[in-house]
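The structure under discussion appears below in the form of structure tokens.
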Amino acid sequence: MKLITSVIKPFKLEDVRQALAEAGVQGMTVTEVKGFGRQKGHTELYRGAEYSVDFVPKTKIEAAVADELLDAAVEAIVASASTGSIGDGKVFVSELIQATRIRTGETGDQAL
Amino acid sequence: MEIAELSYALDTFYFLVMGALVMWMAAGFTMLEAGLVRAKNTAEILTKNVGLYSIACIMYMLCGYGIMYGDGNGVIPGIGLLTAADNAASDVIAGGDDAPYYSSLSDFFFQVVFVATAMSIVSGAVAERMKLFSFFAFAVILTGFIYPIQGYWKWGGGWLDAAGFLDFAGSGVVHMCGGAAALAGVLLLGARKGKYGPLGEVRAIPGANLPLSALGTLILWLGWFGFNGGSELMISNVDEANAVSLVIVNTNMAAAGGLVAALMTARLWFGKADLTMTLNGALAGLVAITAEPLTPSPLLATIIGAIGGIIVVFSIVMLDRKLKIDDPVGAISVHGVVGIWGLLAVVLSNPDASIGAQLLGIVSIFVWVFVTSLAVWFVLSKAMGIRVSEEEEYEGVDIGECGVEAYPEFVEVPE
Amino acid sequence: MEIAELSYALDTFYFLVMGALVMWMAAGFTMLEAGLVRAKNTAEILTKNVGLYSIACIMYMLCGYGIMYGDGNGVIPGIGLLTAADNAASDVIAGGDDAPYYSSLSDFFFQVVFVATAMSIVSGAVAERMKLFSFFAFAVILTGFIYPIQGYWKWGGGWLDAAGFLDFAGSGVVHMCGGAAALAGVLLLGARKGKYGPLGEVRAIPGANLPLSALGTLILWLGWFGFNGGSELMISNVDEANAVSLVIVNTNMAAAGGLVAALMTARLWFGKADLTMTLNGALAGLVAITAEPLTPSPLLATIIGAIGGIIVVFSIVMLDRKLKIDDPVGAISVHGVVGIWGLLAVVLSNPDASIGAQLLGIVSIFVWVFVTSLAVWFVLSKAMGIRVSEEEEYEGVDIGECGVEAYPEFVEVPE
Amino acid sequence: MEIAELSYALDTFYFLVMGALVMWMAAGFTMLEAGLVRAKNTAEILTKNVGLYSIACIMYMLCGYGIMYGDGNGVIPGIGLLTAADNAASDVIAGGDDAPYYSSLSDFFFQVVFVATAMSIVSGAVAERMKLFSFFAFAVILTGFIYPIQGYWKWGGGWLDAAGFLDFAGSGVVHMCGGAAALAGVLLLGARKGKYGPLGEVRAIPGANLPLSALGTLILWLGWFGFNGGSELMISNVDEANAVSLVIVNTNMAAAGGLVAALMTARLWFGKADLTMTLNGALAGLVAITAEPLTPSPLLATIIGAIGGIIVVFSIVMLDRKLKIDDPVGAISVHGVVGIWGLLAVVLSNPDASIGAQLLGIVSIFVWVFVTSLAVWFVLSKAMGIRVSEEEEYEGVDIGECGVEAYPEFVEVPE
Amino acid sequence: MKLITSVIKPFKLEDVRQALAEAGVQGMTVTEVKGFGRQKGHTELYRGAEYSVDFVPKTKIEAAVADELLDAAVEAIVASASTGSIGDGKVFVSELIQATRIRTGETGDQAL
Amino acid sequence: MKLITSVIKPFKLEDVRQALAEAGVQGMTVTEVKGFGRQKGHTELYRGAEYSVDFVPKTKIEAAVADELLDAAVEAIVASASTGSIGDGKVFVSELIQATRIRTGETGDQAL
């Protein structure tokens, strides 16, 4: 099993979620995060003083998938999250040794 | 000391206190609307509200008051700047039918807060997507010209007054006026992005801070005692004092009736006691009784308010579901639709009212305000644009228009 | 013009202004309570507060006012619906000892906001776990019957008044009454889930939005000038004007004394200046002075308030730690316990007061309200249930009862 | 019934109503400041505000009022405790030039809320870093001694009054006084950690809850009708009633002018309609007109307010960027700098004013308040310290000083 | 060392934390997340319009553990987080190459 | 490629971010988390009742880095995040199988 961790623009969450579901991914966990990267934050004036927001709001999606689903899932994310502009985000993949569904105790691919 | 002077002082003081209560309604609209928009659009709606109140005061001083209460020929009004001149003590003491019985500057103060109320109605309906300065430009025209002209027709002693149209404190002149201007704006502006799905699904966009909306409603409720109570224009003898008391009691009862009716309607229809509808119900009760708070009994006032509270729930849902008119705070329903109900309800208790004159008033005011507003919104949309860019709408107008966030530590990601 | 008419107008106007200030207390309770509950229960407490105010107005119009100030035999009151009739000018001008000196509708207005106050006290104590419509059902009974009957005994000229019981503006009739009804409800309802651990540990459940609570307290403080200041019932001559002034000064001083005393008590006891205790201290000072704001000097008023402020901190902690009575906003302590202190403190400055009559009043009002309330709560708990399900309590009553969240963008996960 | 009694009653009532409006300004400052600090310092600023109001009431009762309006020799004032004694009806009826025409307790009530206003100004400027009890200690001295002494010089009939210095409702005696005390505190205290970078960069520290600040501003606006309107001190005849009306109209217009001017200044300078500057603009307009709201025309009042609104934006930015004076809410600019403008602007419309006398007043009040305040702050900093530890500042003074969080569910990690 | 990442129902956090402590796990890091899976969100009416909350609030717990503690820790989570109803959540395990305690610079199992 | 996950004291974020940038790390993703460990929360009184905040606010930084950058990055974090007092936090490292830049589709080290 693999764990796909991807960081995307927040307003793409709905699209990515749908694309992943179509690719056969049944569950995922989403976190609101702050991103630092090539895309820079913006600068505002508050009472005449500069006020720069360095980070950019991003959304992190974690999805555990069976090995055979990996490529389709990554492609689905890339396709649905891309806007072509800087800051679109990343997809990282790492190995999962084990997965358990708490409710039933099932393990392995059945747990996903 | 002259008793006429003391009476003049009491009526003036009454006017000033009632006016202060109406001014307080500006805070009510501000809080009501700030609670019903999303966090990312909150600083802008605050700016709009405090800005429009100020603009209304300045425009009404410069020309609005002169138009509304100056010398006109019944249809075309006069014009003039407000000065510091006031009544001479000798005229007051001399007495007689035309003797002034309260300070004319206190009258200005009472009137100016009314025009701000009318404009406040607009800001909620166009929230979350309109350009700030286009809105302010519209405020200049509405408060300086559109409102005072129809105000002159009725309260300035113009043709609508002569035609027997009755509107005690402004269900029509103030509330329906605001509702009509708002409707024109919303029609040109269109719905908020994401409000209606591609297949016509209606989506909810919940307000970010409901305690503010509840506070706003209670502020408006309190302020309305001044709005209606002050519109009796005199308190200095037994009959007038009784009249003001009845007006205030009826105003309170109508609000209570409207609130309970809307609460029950929402509960029965949606299965839950929707707080925002409940609050709109109280306001609907208040709007409904405003055209005639003096002739109904307290029980009838409660019923008039309750009917307003039922109407408002249906109106909000119909506008949203059937007509796809996107009004984030329900202003068009509360002030426009229920304003019409209030004007019609005058015939229930006031023997001087006729359904014909009421309809005449409704149609004239609506047509005048709607058509002129539509024209102004249209010119503005060509001249400077009235809607922010899609991206700015997604990011929130706070950053785009005001450069500040309303709650920088509470929310990080625009929803 | 008759001077009697002008005097009538002034007293009526005074009544209306004071009544408007008391109505404003509804917003005070709403904000105070909304700030002291958790985010997930905020929309519901708002709905409760605006709903109970409306219900109180309607019930008091339908029968409460008739019961409290109608024709009774001293114990059993009369009954009747409020009408629009008011005093005739001729009766006023005729003068004499029984001549009316203010509009009776203004009196209704002033009285109706008092009954809403009593009911507001209940909502805070039962917050975060009671079913919305059971609460409303109780509000119907309390404001329509339980409150007016004991109100009749004292202010309607009933037997408690005849017995020499003194309660200027309602430390007992309003505040202890509300506190007793709240206590009955809380006893039947039980504590919020998680408030007391399995081994009896007391756990804190902090309120979600303290600025609202501070605002609510300041609103109540302002409104109380009307509550006590209006209870003098007349202002139109030198002695009455002086009396109203002293009442308002003393009201303000007692609140200040209560606040400082509670702040210091919390600081010395807990090591920190607990804001919520400080706010409760101001309210305790106000409740304490309400039974007699006219006879103490400003210095004595400050001290009476300060003792109230100390009592309230101890009372809140004792109720919580020893009696395990879970009152999220401290209403039972502020209004009930300190209300008793206020009634006893009358003897400190008013030579007409006797400790016996005060105790008689305290016991009779408490027993009447507590027993009848317990009965009503009990019937309601059998008929429709008074407590929400465990799951709904965990998720928050906002979604369960109102279908909306108060702060949808600020908090995501129920605590 | 005597007409003199009725007139006494009306003037007393007017005083009480205006005083209640000014008391309401305490809520205005509380909300304004609570919105402009960070979430982690909000409970403490609330505690400060309700605490200082209470301390001001108690100190003014104990000695401040006696100092300000007692028997002095023009420079050195008298002293005395407030009692419950008031004017005798016979003195009122007897009439004559020196006959009392309103309750002296109502006068106390009106005056006591002014001293609280002056102290409120300080709390915002020293927010987010000062120790709570050092602040309270300062409040005792300012409200009990520093303020009343200069108040005596002008309003108590002391030497500044004799010198022809004009200050209708307190641009100097109240607002500049507060601003000067705040400046002294801020200078000793230093800037908030992180406000200025190592290379002198100016960093913004946005306020956490702007709707509260907008509400606070509107509360202050309403309360100011009492602040200025009540300072006419009489309403019971035609000329006085006209005067009060003009004062209230001008107060409203100046605020509107200030708001619009600040909005436009921020828009042109920063490119965005900074809401917080806009709100400060309204307050600047109010401060500017306070020294003389009776002689300008409404148009001139608007202009005086507008100039105040422009000044305040420049002043805030200059203090921040050039002088590195860290004032989180802009209090020194709004009340201090614009207070001076208001005092100078008296000569624009009042023929009795001289620029020399105005300058004399400005300098004397500033020097007196600034020097004594600096001394008191200095003693406090040695005796108990005035600044919290670095760690407490990072964690937020709410936990450190009050042991509670203002929004425990909305924010988890101090910024 | 292994990294255990588990997603649970928020109100079970206290129980799981205690169970992990009893199993010998000394530290953990907790994040509030949104979950998408078999358990669906709820639908409400707001001003008459539908208002569906698609995601379900969940809590994510990350704990790094020594290899020999792994099984006990996973079992502790499953036992304490289970309610038997849908949405109870998952436990994922992946390999950790390295761990360092910032304060002391200790590495490996001592760092946990 | 490696994924560095570190948990630090929130007020150190700015320092760590700068240190990582100097070490050549170009992007990172930051999450606000709650920590449980040796450092305990504090206890307050609210209305006279005890109110213990068990968790400690922490900030989690995730940065994917090329293998040759790993050591420098970990050292940078440890150096910049350390205050020497309990609760300074941890640095965990795990293997990344794959990384993709959504905008361009680039993979491997170029994607970081």
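In this document, chain identifiers A, B, C, D, E and F correspond to the written order of the chains, with residue numbering beginning at 1 in each.
The criterion applied here is as follows: a contact is a pair of C-beta atoms (placed from the backbone, for glycine too) under 8 Å apart; a residue touches a chain by one contact, two chains touch by 3 or more.
Just so it is clear, the structure is predicted and the values come from calculations on it, not from any experiment.
Where touching is counted per the definition, the chains common to chain A and chain B are D, E.
Looking at chain C and chain E, the chains that touch each of them are B, F. Averaging Cα coordinates per chain places chain A and chain D 52 Å apart.
Distance between chain centres (mean CA atoms), chain B to chain D: 32 Å. Centroids built from CA atoms put chain F at 47 Å from chain D. Residues of chain A in contact with two or more other chains: 31-32, 34, 44-46, 94-95.
Residues of chain C in contact with at least two other chains: 3, 6, 10, 17, 206, 209, 215, 270-272, 274, 276, 403-404, 407, 410.
Pairwise, the chains that make contact are A-B, A-D, A-E, A-F, B-C, B-D, B-E, C-D, C-E, C-F, D-F, E-F.
On chain C, the positions that touch chain F within their shared complex are 201-204, 206, 269-272, 274, 276-277, 313, 316-317, 320-321, 330. Contact residues of chain C toward chain E in the complex are 394, 399, 403-404, 412-414. Chain B makes touch with chain D in their complex at residues 1-3, 5-6, 8-10, 12-13, 15-17, 19-20, 23-24, 26-27, 30-31, 34-35, 42-44, 46-47, 49-51, 53-55, 57-58, 61, 81-84, 86-89, 92-93, 102-106, 108-109, 112, 132-133, 209, 212, 215, 401-410. Residue ranges on chain F touching chain D, taken from their complex, read 10-11, 32, 34, 42, 44-46, 57, 59.
For chain F in complex with chain C, the residues that touch the partner chain are 44-51.
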